[in-house]
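Order of writing sets the labels: A, B, C and D. Residues in every chain begin at 1.
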Amino acid sequence: MSTKTDQAIDEAARRTRNWGRWGEDDERGTLNFATPERIVAAARLVRTGRVFPLAIPFDQQGPQSGLHGRFNPIHGMAFDGGDQLPLPHGIGFADDTVFMPLQCATQWDALSHCFDRGRMYNGRDAREVSSLGARHNGIEKVAGCFAGRGVLLDVARSKGLDDLAPGTAIGEADLEGCITAQGDSARVGTGDFVLVRTGQMGRCLREGWGGFAGGDAPGLSFGTADWLHRKELAAIATDTWGMEVRPNELEDSFQPLHQVLLPNMGLHIGEIFDLEALATDCASDGVYEFFFVAPPLPITGAVGSPINPYAIK
Amino acid sequence: MSTKTDQAIDEAARRTRNWGRWGEDDERGTLNFATPERIVAAARLVRTGRVFPLAIPFDQQGPQSGLHGRFNPIHGMAFDGGDQLPLPHGIGFADDTVFMPLQCATQWDALSHCFDRGRMYNGRDAREVSSLGARHNGIEKVAGCFAGRGVLLDVARSKGLDDLAPGTAIGEADLEGCITAQGDSARVGTGDFVLVRTGQMGRCLREGWGGFAGGDAPGLSFGTADWLHRKELAAIATDTWGMEVRPNELEDSFQPLHQVLLPNMGLHIGEIFDLEALATDCASDGVYEFFFVAPPLPITGAVGSPINPYAIK
Amino acid sequence: MSTKTDQAIDEAARRTRNWGRWGEDDERGTLNFATPERIVAAARLVRTGRVFPLAIPFDQQGPQSGLHGRFNPIHGMAFDGGDQLPLPHGIGFADDTVFMPLQCATQWDALSHCFDRGRMYNGRDAREVSSLGARHNGIEKVAGCFAGRGVLLDVARSKGLDDLAPGTAIGEADLEGCITAQGDSARVGTGDFVLVRTGQMGRCLREGWGGFAGGDAPGLSFGTADWLHRKELAAIATDTWGMEVRPNELEDSFQPLHQVLLPNMGLHIGEIFDLEALATDCASDGVYEFFFVAPPLPITGAVGSPINPYAIK
Amino acid sequence: MSTKTDQAIDEAARRTRNWGRWGEDDERGTLNFATPERIVAAARLVRTGRVFPLAIPFDQQGPQSGLHGRFNPIHGMAFDGGDQLPLPHGIGFADDTVFMPLQCATQWDALSHCFDRGRMYNGRDAREVSSLGARHNGIEKVAGCFAGRGVLLDVARSKGLDDLAPGTAIGEADLEGCITAQGDSARVGTGDFVLVRTGQMGRCLREGWGGFAGGDAPGLSFGTADWLHRKELAAIATDTWGMEVRPNELEDSFQPLHQVLLPNMGLHIGEIFDLEALATDCASDGVYEFFFVAPPLPITGAVGSPINPYAIK
């Protein structure tokens, strides 16, 4: 273990920790920033009625390769259109099932997904997340909290690139530069859901997933923790598998920005968002803000949820 | 088989059939009514920023009892907070999985869920829904289509009841009476998502599920097919397991309204919606309309999807 | 906690503990008693070639009711005989899947299934059984160990009963009485696989499972731990869900005989064996010994396995 | 379609078809050859008590790669040794689950696994295998039928090779040559379970699975159908994923020997057997016969079963 890395994580965690900020019983974290007033204002951003669903297809052609025990969704038919069920008057039915890791495709990380030295958000013991599920901080505790103003930060495009190279760390200057380049509609403030586009998914959709899941990736720099904290976002999401840059910047570390954001800041993280069509549209009309609605399935005790977020312009 | 029942289904199917209405290749059915213009107008209904998530909890305490092969969601931890994963610097993670019928809880029925004499929406062969999934009319084909104006028709409350008794058929007069009682905000028109409350779920949440899943229920009368067609709804949903009244009204029939609405009219059906909190709020402020967003998971070839719909007032 | 119960468990554990008996690295426990020589002798017991498969059907009509998170096997077709797969020359195929708890039906409990004060067989830490599976004492470590002499002890019949009442504790005297009643072929010795019939399953097969899974049951008395130790059995099995008598005899205890047998003695336990046809045959010819072969599926890191044991006479 | 291929399959099917041979209701096929008398004789082959379990490990490192929708077993813990369950007196438990294709690892193909022009064994309609499972010819119908004399035919070793190259067809002459080379104990007769070793699995265990599952492979020639019929085997098995040679010999065909053996002859097929340790032992003592016991899990309506066969010498 590197003392320097420990120290960097520890200091960032202390600077951005929101434990107790919304009460000792709080399980929502920064989603508390998405207040009713802000939701009303955000709904006014619907100007043309174009809906952009941001989920990738949930199927066997997905990005997972078995790493970290994650696999692509397994869909099965309980009965189908070829079965001759004994039903009257010519009616027929089909039913189906799915088996999937909640982290396999487009998803929210719940606040129970990541721990910092045995603790999760609001100081709770990591062991509250047992085989029986998460006693606290489960995704069902924020079932109704994912609506508000969304902002796309198309960092790749703002740099004139189709996609950022794996290993590219997106720092505070990059985010601010992107906002400046994109103009007024891209200003980021309290209670916003910010979607950062690296373009990596676009490349994968064109060329194949390759090592997308768990592999090297462009992503947020560890150094953005303070910016995320200062901006008082409701949640953050990217078009990569794991939000932060990989390989990680701190020596010998594994996803240190997760370690700061989820258990300390209480910031929900969205991953594997397909931002391609939305980004094209935003580049075309110059409007980077929209109404954002991304309801999780309230699976009791779950540490995440598959989602199909809507950006509505 | 009863000739009379066959005839009733056949005639209703012919009167309300939308095959070809939006082109031979269409897989969206009446969701085509939810146009961008209507979405813009619907977003203006967000006035207070209150969000009502309409999903029931997805867990082993759900309504399923094994009937029709349906069971409650099975959640498992891939790794949890008690595991001692070999990760550096005090970081820890939890991941999880779910196995569930797509029809087990709050859900959309896709247009490939039901067949009429071997055909599904737009005249396609039911055998296109094989063990490999639905080649057409799968839920992924309408991934971005579930946003628009929502209207709650609280039929139980409009009759001064906590809940309608199982077997109570809700007819056109009941729906129109409810609209009249609820006032202007409850007027129903083209492209609306209409949520009908019978109160049965409220009773189950208080008293236990009992025979909720697959059992007797209040619900829409077979006779409402023409009303639903005339109103040009985007989709219909209820707080019961199967939308229509059970036992079914036509002799020897099984879910005949499904047989008309899904394969013929191309109307998506929502089931097992928890409308209790929303209904209380609407009764309190007299406003029965809202922005409705209910994104399905785009599971490729699926004949339905679990959802957590948001009604945003 | 009752000091008396603690003391009883602790003393029995110490009297019967086999840690180190077959070396510090051993993961087989008493299966070590089933030596090649004994297997040769046991094979000689095949005299008529009648095979008795001892598994119950693995399907949705099984005994599980959701207690302890256990459910019945969920079988699904990946593709079936009605699908029109694009295969040449008239060939067709069907494939299928199963999702099941490894403890849902006829099964072996692995030595990693049960812990005594944080320890499992041979002194290993219970935390070696994490969400990633059992690092030691998993069922795959004894993949080839379940063959040898089998003996049926039909305790119910030896008492002139169809089945023992729930709550009936089978003590050492009952076992010895049964052996005496059944005669020479029922003598029990080192390396034997002993199958104890209470008749409870026979009653359930006639009358329905009711509370079979996890409910009150006849079964081995806590007091038989020493007899089982002295007899040097390879493994023990019963026709009940949990081998030992329920309610348990020791005050405030839960499955204390498991706590002695699995983590301390290292004795594998078989449960939910269907002994009905075998028992009828043994009663008819007076021969209670046979060749017993019950291979587990070598699921890596599993704490048990579904099985279909064969008693071959 | 090639008329020549059609004709070859059709003629072999007619020459070897066993429909009606054991009655119109029969669902056992050639397992009927494994009579009680032969089981008694086979048990006498247990001479040293060495048990060879023939299953590969059931885990994520298995051979499946997603082809044909097959994946490796997914093992999950329902609760584990790190959970702090509220149990008295220091007892703890772990439970687990598995989700797997029944065809993913060492397995029996049931007679409902393969169809010939819409028919399965004994003339039954393929559509009897619907999403609800196999109404006839399911694996549960032969739950107690897999015991008898086993014979290893180590074709690779008989040719002085570690393993046969993919695409190598093993013909009747190869089988007879192997028997002659191996000597008296390898003579094959009515009711035997014959295990054919190509060595391909040995190579995969040394070098990685690569394209093992569904890929090119050595295996039985289409021409062996008559030999298998004449020999009146109980069942056949190999150490490859699909028993017969791949690419298939007949033009434009897919697994034509399956098409003859399963639906016409009624011969169960075993696949992905690990014969390495057994083969080494047989080469060392020159004894190629043994008692063979391979109980399937009686999963109701299943078209196959995972197994852990025992060869007991």
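In the analysis below, a contact is a pair of C-beta atoms (placed from the backbone, for glycine too) under 8 Å apart; a residue touches a chain by one contact, two chains touch by 3 or more.
What you see is a predicted model, and the numbers here were worked out from it, not measured in a lab.
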Checklist entry - Touching chain B and chain C alike: which chains? => result A, D
Item to check | Touch-network distance, chain A to chain D, counted in steps | outcome: 1
Next on the checklist: Looking only at residue numbers at the chain A/chain B interface, is the share used by both copies over half or under half? Answer same or different.
Outcome noted: same
Item to check | Between chain D and chain B, distance of the C-alpha-averaged centres to the nearest whole Å | outcome: 46
Checklist entry - What whole-number Å value describes the gap between the mean CA coordinates of chain C and chain D? => result 27
Next on the checklist: Where in chain C do residues touch at least two different other chains?
Outcome noted: 69, 74, 76-80, 82-84, 97, 99, 127, 130-132
Checklist entry - Given which chains touch which, is the overall layout a line, a ring, a star, complete, or other? => result complete
Checklist entry - For the complex, which residues does chain D have touching chain B? => result 69, 74, 76-78, 80, 82-84, 97, 99, 131-132
Next on the checklist: With touch defined as at the start, can you tell me which chain A residues reach chain B in the complex?
Outcome noted: 1-2, 5-6, 9, 35-40, 43-44, 46-53, 55-59, 61, 68-70, 73, 75-82, 87-103, 112-118, 120, 125-131, 133-134, 140, 143-145, 147, 250, 252-256, 258-259, 291, 293-304, 306-310, 312
